[in-house]
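Lettered A, B, C and D in written order, each chain numbered from 1.
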């Protein structure tokens, strides 16, 4: 069966909903479909806690936000994109305010802003410590008022249909019934989020399996800067639940096993009782996570069944401040770790959190494939460079979600074409593949969960906070073997109704492709920059690598890495300085 | 502490089973494992066909609601040890049609949610005019009702919804109230028109279990009662002062 | 707007049914039904009250007869049960008032506990007044 | 377009009013009339006293309010109890007629006694 829309938005998170609304508002009467593998309000944007950056304070300026972003990204950001980003971010956040987002306020009723890691000024808007939750529900509820926005809730997109050099739709499985359907469109916007689940220990939800990256990669769009994986310094051990940076912004300390604020040993400034912006605990995430690894090496961390940890100390903040500014942190600690941060130390360790890289797009979200757009964490515009600053991602998905939505609407209006016959037969092939090779595949001797676990441990061991050429090369081999094992996996579940195992198999296949691109890009980048730290190349090398990596899928499935120069407008590459 | 615990999981395969049956699995009993970890263990290690929803594992996405030993719970926030020595009975949320195993159909809620217009109703001011001012006290007025994660535990606990599927139900009414009480909103009258009919507010007989089971302390029961009072006074005004008055 | 083909979607769903005895399945449900049944005893007492008033209006003889009727063990028993239900009604009603009626004093929400407490105080005052009125001391 | 206003909200208002009045007044009256006097915990007041109290027009009005609201309170709650407790949703029209009808009859009786006798 085939249905068609003008635009398909794959993904119902912050980026997807914002793009859908923007498209609906740009061209009246346009028909937009939001296809999401979970109900939109379940998307991972819901988990974001700390806030969203947008310069509005009187002592702040767009240039300072741009500079913090660019230096935080170790000069790998495209500066034209950053300039657009910082200019539009406050507007988008304001629009969310008009749509009902319950931003926290100052006593006089104006928006309140808080400090955040790596930001020199207070510019992070927040809705207590459930910013992403409120942002996503505001967007979702607002989207309900647009008649032109049609939702496919709990549909999994398994393939992009590309022919004649342009994208023409998707093939998707309706989870509840197992129906495999072709949905054609004149433009497709990917907003499927990141791929944290490639790693074993992550803050990311179960759904963050890099599907969109794999879809684009297989459809011929390159993946940019995939080697840059952000570790957040403070995750709860075992669950990987994130303790937001706001906990440090409000004055939390990081202590090693001797109760010592160890960050002072790593060029991050000198300890002060109250937080100082861009210093100590408010340094950028990559540096904090790296400092942790050094503490492990020095034997100054605390051992637990779930690996080494350090302590986050919030006790001196007092119950009152914690309950008003960080209620969710306290709730999470109590509910999932059985710890009360008002009286106890919170064990934390670095945890995979965010993918800086993603589908290569221009500043309008357009990918090199005609009609294919991407926005949000799945995309790499790039404003995050080698390391994203906390609270830049929520505004990113609003700003570039909007731009992609608008650009896609105009694309449909100006260049929209009907699907070709070839695409429909492609769709039929994909249907047959899902049916025969996956669902009805017999006689396999592999378990999906076993392959997934091997992939995750391989990634952690070789592409973690510190990497080396040897370990990466070995990882590339292992991933190749796993790719060969995957077709031998058989499903226990042959049912059509809500077959989560089928989805798990498709997700695993996406994750393997993405993992290969991460390892290939990391292997080629022989320098250390931001979140990519090579033990065999410890210095930054602007001569060779002030460039974006582009992972391109070859016809045989292997990964080729090209480079693209970084756009520099006003800020020449300099040294990243914190704590001074 | 014993090192395993038995989990009894409801299984239902559409087209094959007439009604759900219970299957029994032994899973490791660990101090920090929640019911959802037990289910994932079963799926990964014992039986890949066991079907349930989950995502965030931090009590915020609202997808993992199930009935645990008779009570609606977020399974990612319910420790197995609380049920030791077991067995732990895991069933789908009550009052919803079961799609498969532990997965229920909640589309009915989404339709009702759209009906109550959960968005700011007013002519939008230009962005250049800046934010709509809202003091922390005004924010506090509706904050509690904005915390709903749409987990459907309240619907599962509400016997009225089970008996009368037309009932708009706790979370949707609480969300309508969330916008009514928002100082930026002007849509209260429109929403009242939707909710003033018998299946709207009045079907609720204040059983109160919705509030008792809500993991986010939304207090939908209170929201509905407040709403009834507003609706009643508004109607009174309408009859007493047929023309002016509003 | 959600796109879902109802025809296929509905097929094969298991539609759970609520049993006639649902209110016995959880303590909170049982309490709810008992609370609702308190209304029956309220109705009974009002009838009882009206009979009393009528007797008083009809003269001393009728009044004495009413007192005899009220002293009938069966009537006393019914009233005893009624009292239990009426108290349940009073207590549950007071508990839910702050949920339904958020009060504000100088821009701040009055805490629920305070509302409940002041209801009890009011209740005691009114009861004392009625007692004084009826009994005369 | 505004829908026609249903009467449900007004009935609910009466129901709630009944809830409040009965919650406050019924316990003390029930203890006195139903238990304390018949069981001799307290001597019943002399006839003249009680006649004087109940004959006063304020007492008549207050008691009328209590009785009418109390009946409506019963009718409304009992209707929903039958409706849900016994799964009789299909018979809602008949049940409503029965409950509110009885409440109406009771109220008329109360008016008769309190305003037109003694």
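Following the convention adopted for this analysis, a contact is a pair of C-beta atoms (placed from the backbone, for glycine too) under 8 Å apart; a residue touches a chain by one contact, two chains touch by 3 or more.
Predicted model only: the values in this text are computed from it and were never measured.
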Innermost chain, taking as reference the mean of every protein Cα atom displayed: B
More contacts between chains, C-D or B-D: C-D
Maximum centroid distance from chain C, chain identifier (CA atoms): A
Whole-Å gap between the CA centroids of chain B and chain D: 36
Centre distance in Å when chain A and chain D are each reduced to the mean of their C-alpha atoms: 63
Averaged-CA centre spacing for the pair chain C and chain A, given as whole angstrom: 55
Averaged-CA centre spacing for the pair chain D and chain C, given as whole angstrom: 11
Residue numbers of chain D (touch at least two other chains): 77, 80, 87
In chain C, residues with contacts to at least two other chains: 1-2, 4, 9, 12, 18, 23, 36
Sites on chain A at which at least two other chains make contact: 153, 176, 497
Residues of chain D defined as touching chain B within the complex: 2-3, 5-6, 8-10, 12-13, 16, 77, 80, 84, 87, 89
Of all residues in chain C, those that touch chain B in their complex: 1-2, 4, 9-16, 18, 22-23, 25-26, 28-29, 32, 36, 96, 99-102, 107-109
Chain A - residues contacting chain B, complex: 38-39, 41-44, 46-47, 91, 94-95, 97-100, 102-111, 130, 133-134, 137, 141-142, 144-145, 153, 176, 205-207, 238-239, 241-242, 331-332, 335-338, 447-449, 491-493, 495, 497-501
Sites on chain B touched by chain C in the complex: 12, 14-15, 17, 19-20, 70, 94-99, 105, 107, 110-111, 114, 137, 140, 159, 162-163, 205-209, 211-212, 219, 221-222, 225-226, 228-229
Partner chain D, residues of chain B touching it in the complex: 159-160, 163-164, 193, 196-198, 202, 205, 228-229, 231-236, 238-239
